[in-house]
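Here chain A shows up in two complexes: once beside chain B, once beside chain C.
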Partner chain A sequence: MPGLKLQGLHKQFGEVVALRTLDLAVESGEFVSLLGPSGCGKTTALRIVAGFEHADEGRILVGDKDITDVPANRRDMGMVFQSYSLFPNMTAQQNVEFGLRIRKQRSAERARRASELLDLVGLASATGRYPHQLSGGQQQRVALARALAIEPSVLLLDEPLSALDAKVRVQLREEIRRIQTQLGITALYVTHDQEEALSVSDRVVVLSHGQIEQVGTPAEIYGEPQTVFVAAFIGTMNRIEATVRADPSGAVESAGHRLPVHAARNWTSGLHVLMLLRPEVIDLRPLQGDTSAGGEAMTGNVKSHTFLGPVTRVQVSTPIGDLMVDVPSVEALSVSIGARVSLTWDPASPRLIELPAGAENVVGPAAIIAEDELQPA
Partner chain B sequence: MRRPRIAPWSAFWLLLAVLYFLIPMYATAEFSLQTGNGQYGFDAYREILNDPSFKSSFLLSLRLAVETVLVSLIIMVPTVYWVHLKLPRLRRVMDFIAILPFMVPPITLAIGLLRELHPLVTVRQLTWLLSSPQQLILPYVIIVMPFTYRSLDAGMRAIDLRILTEAAQSVGASWLTILFRVILPNLRSALLSAAFLTITVVMGEFTIASLNQFQTFSVYIQYIGAAKANPAAALSIISFTLTWGLMLSILIIGRQRGSQQQAQIGTTR
Partner chain C sequence: MADTTRDITTLPMSRPRGILVAKRGSLAWLGVVPFFLYTTLFLLLPALWLTTDAFRSPTGGYTFSFIQKLFQSQYENAFFTSIRISLVTALVGGIFGLFVAYAALREDVPRWVRPLLTTYSGVAANFAGVPLAFAFVATLGGAGLVTQFLARFGLDIYARGFSLYTFTGLTITYVYFQLPLMILIIIPSLEGIKREWREAATNLGATHTQFWRHIGLPILFPSLLGAMVLLFGNAFSAYATPYALTSGSVNLVPILIGNVTSGEVVADPNLGDALALGTIVIISISVVIYALLQRRSDKWLRR
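Moving on, here comes the complex of A and B:
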């Protein structure tokens, strides 16, 4: 299986820049997701790879072969689309066979291959059914089988699950991953759903405004966001504007408070930074009366609760701003709104990102991302 | 008490509409069967059916209708497909162009065409077209364009043309394969209705054929109507039956061939 290389892809629609010199190398057999808010250029990138759009600049390579000028129908790329794309006039089997028919395969061979693939996607019993007789999830399975039937060099998936129910979505994404691993096929997956991208990918590419913000494994993207955008976009993140303190044990200062951060040891003191803290790493304890927590802890008042199932997200108003804290739901019952609580965290947990000068507006209430930050300009 | 299925007023209007269409037909049929002196018989029908001009004019119109259907579909299907797929902004322009034939009276079209084609009569390569009734196809394709365009436009709006095209492309289909294997089978009802309307229009077209001195079916009907009273009524009934029979058979053939797939076309997203 060949890998896929995008070199300096640039695409503009009138005044709007959809892709800004995008470079990306997908290893052979790797599952890479393009993740970003709508309008970030991820679908444009995929459509350029598929050959449905043409880049203004840049090249696309499959293995060592430059396919930039190869028309879409000779690229050998399997594609699964966002909306239902099965041919309504053909049965599931005929849909899967379509690409093989074009390749002039003999009918016995075609039928064998089609049933093999329908079996692979778990639809062995649906061969004779028409698309309108299949559920949304089944239709996408057939679409996947159709894309795989031609033994494509690269599998492209354009938000294949976004039209499905939550439950089917989770089930099908795991199956897509299983099939991709089993066949060892190189896959490029476009999604706006971070959970989807993080759960199935070998690597995730976070895009914003047509540019790559960060490329990394799901754990890196979640645990070590490199830019303010990634920190805001992936998961829920408390973002605290602070200044690095000259402190041998590592600390930053925000609104006159000292906050312990090991990472600060390696930073020049006085530097303007953004401290990133996941809600799940903060430890919340109720305080008696109007006391202050003292020591390393931050004190605040509970502002609101959001029940999320296993955990309850508690918003605490503190001197350094509102912080989101995830508390196991069974314990959250004892934390009423208005209660005084202390917040502590392992100093090894927070991450720091240097703030560019004049980037004041990046710090809002944690997890609340301004709409315009996620939308294309 | 059970409510009646059809409210009395609805039944009244329905009856009125039925009478409006049926009374003239009944009157025509009744008149066509009169043989004078209060006698009834099939004399008028015999006279029409034995007239060689009847058969020749009917077959001429039928041939022109079929040829017009083919030519207009060959021109319009790829055009409308391409506009939908690649030039959606041109759709408004197309909408406008498509109604132009309604705005130009047939007489204007016929005379304009005569003037344009006249100088070409001396070109030998065009003799086959210009000296035969075949030349009527040229204006006919134009006058049926509103119907063809509307049907195809509606049919293509109903399916996700772009996704189907791209899905076919991604597995390796060429443009011709996409058109014949993916797009056309999903446009069956649109194609049928385009063909229907074209046949109806061409079978009934009078002005252009008459000005060009070709004896098409409607020109023959007009001649009979002016010359003989009872046979004219008989001819009306015959042409009515023939046209309806034709439509019905197209409908049945179309239904049969697409019966397994016809149902879902409308529900496909």
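Moving on, here comes the complex of A and C:
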């Protein structure tokens, strides 16, 4: 299986820049996701690779072959669309056979290959059904089988799960990953759903305004966001604007409070930074009466609870702003709204990102960006 | 595979309860009364009436003489000409209308083209009868604007055998309203051809032609057929246009019916009924052919 290279892809629609010199190399057999909010250029990139759009500048290579000027119908790329892409006048089997029919394969051979693929996607019993007789999830399985039937060099998936129910979505994404691994096919997957991208990919490419913000494994993207955008876009993140303190054990200062951060030891003091802290790394303890926690802890009052199943997300109002804390749901029962609590964290946990000069008002004293605020509607 | 979507939607709790779901004692049927009243009064009863009159002798009793008359050359010829002009103008208007609509919906066509085209089509499809006839006389008649303009460049179309007052002239005039009617009817169906189908076909290696042969046209087929039947009936029933244009020199069924019922030449209302019955039969046959062809293609549409 060949790999895929995008070199300096640039695309503009009138005044709007959709892609800004994008460079990306997908290794052979690798599963790479393009992740970002709507309008970030991820779909444009995929459509350029498929040949439906043409880049103003840049090249596309499959293996060593430059396919930039190859028309879409000769690129041999399998594509799975968002939804409703099955030909309604053909049965599941005929849909899967279509690419082979165009390639003038013998009908016996076509039928054998189609049933093999429908079997692979778990739809062996639905061969004779028309698309309208299939559920959304089943239709996408057929679409996957159809894309794989032509033995494509690269598999392209354009938000293939976004029109499906939550439960089917999770099930199908795991299956797409299983089949991709089994066939060892190079895959490029476009999604706005971070959970989806993080759960199935070898590597995730976070895009914003047509530019790559960060490329990395799901663990790197989640654990070590390199830019303010990635930090805000991936998961829920407490973002605290602070200044690096001259402190041998590592600390920053926010609203007059000292906050322990090991990472600060490597930073120049006085530097304006954003401290990033995941809700799950903060430790919450109820305090008796109106006492101060003392030491390194931050004190605050519980403002609200959001039950998320195994954990409950607690919003705590503190002197450095509101902080989100994930507490195991069984323990959350003991912290009622208004209760006084102390918050501590392992100083090794927070990450720092340098804030550009003059960015004071971009983020408040302690801005919290919940994930749904950043998800496109 | 476990089908979550189906499972949820088939739960009795989530079944939709629309107001149209008939319940005992519901008054919902009242809503369709005007429709049935209208079709009974203006379609069924007149058809029944003219059918019986076609077999009724003016002197009392029943007779087949009017029906037999339909097979006399004058009347047979009128049916033949009417069918011919309806078929030709339905095909010409239908095919060109399809192409114009397709061209207007292409993605690289400026956005203002479409509303302009549909508005024009809406007007042109209804511009028929005497005004249309005069408009054509003024342009393509012997002293018409276009005729004179062409003559100035040495092309005398009348000297070359063209005449507006013949079958050919009538065909051109009919196409004037058939083509825009086709555009109006077919645009919604063309819009139903999803971009994803085209792109999926391209992605799987199909050329533009292969897409239309295997996917586009099969999907459009039922609507194309329906549109053609409508165009056929539309042309068959045109009366004022050919009357004003040819004053009877082209032998058409509606004009004959007009002649025998208005009584200016020979009043013979029963013959008119027989001719009208013949028309009903022709239209019914075209609808049956449509239904038979459609049934072969809509297997994938059936729910």
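A few comments on the model shown:
Everything that follows uses one rule, which is that the second predicted complex is superposed on the first by the 361 of 377 C-alpha atoms of A that agree within 3 Å, B and C clash if a C-alpha of one lies under 4 Å from a C-alpha of the other, contacts with A are read in each partner's own complex, and residues count from 1 in each chain.
Note that in this section a contact is a pair of C-beta atoms (placed from the backbone, for glycine too) under 8 Å apart; a residue touches a chain by one contact, two chains touch by 3 or more.
Worth saying up front: this structure is predicted, and the values here are computed from it rather than measured.
Partners chain B and chain C, brought together by superposition on chain A, clash. Once the two complexes are overlaid on the shared chain, A:Gln138 sits against chain C while remaining clear of chain B.
Contacts of A:Gly122 after superposition: chain C is touched, whereas chain B is not reached. With both structures placed on the common chain, the touch criterion links A:Tyr130 to chain B and to chain C.
With both structures placed on the common chain, the touch criterion links A:Tyr222 to neither chain B nor chain C. With both structures placed on the common chain, the touch criterion links A:Pro88 to chain B and to chain C. When chain A is checked against chain B and against chain C, the one touching more of its residues turns out to be C. Contacts of A:Arg146 after superposition on the shared chain: both chain B and chain C are touched. In the overlay built on the shared chain, the residue A:Val168 is in contact with chain C alone; chain B does not reach it. In the superposition on chain A, the residues of chain A touched by chain B in one structure and by chain C in the other are 50-52, 72-79, 81, 83-89, 98-99, 102-103, 130-132, 143, 146-147, 150. If you check the complex, the residues on chain B that touch chain A are 159-160, 163-164, 166-174, 177, 181-182, 185-186, 260-261, 263-265, 267-269. Contacts from chain C toward chain A in the complex involve residues 1-6, 8, 194, 196-197, 199-207, 210, 214-215, 218-219, 299-301, 303. By the touch criterion given at the top, residues 50-52, 72-79, 81, 83-89, 98-99, 102-103, 130-133, 143, 146-147, 149-150, 156 of chain A touch chain B in their complex. The touching residues of chain A, when paired with chain C in their complex, are 50-52, 72-79, 81-91, 98-99, 101-103, 122-123, 130-132, 135-138, 141, 143, 146-147, 150, 165, 167-168, 171.
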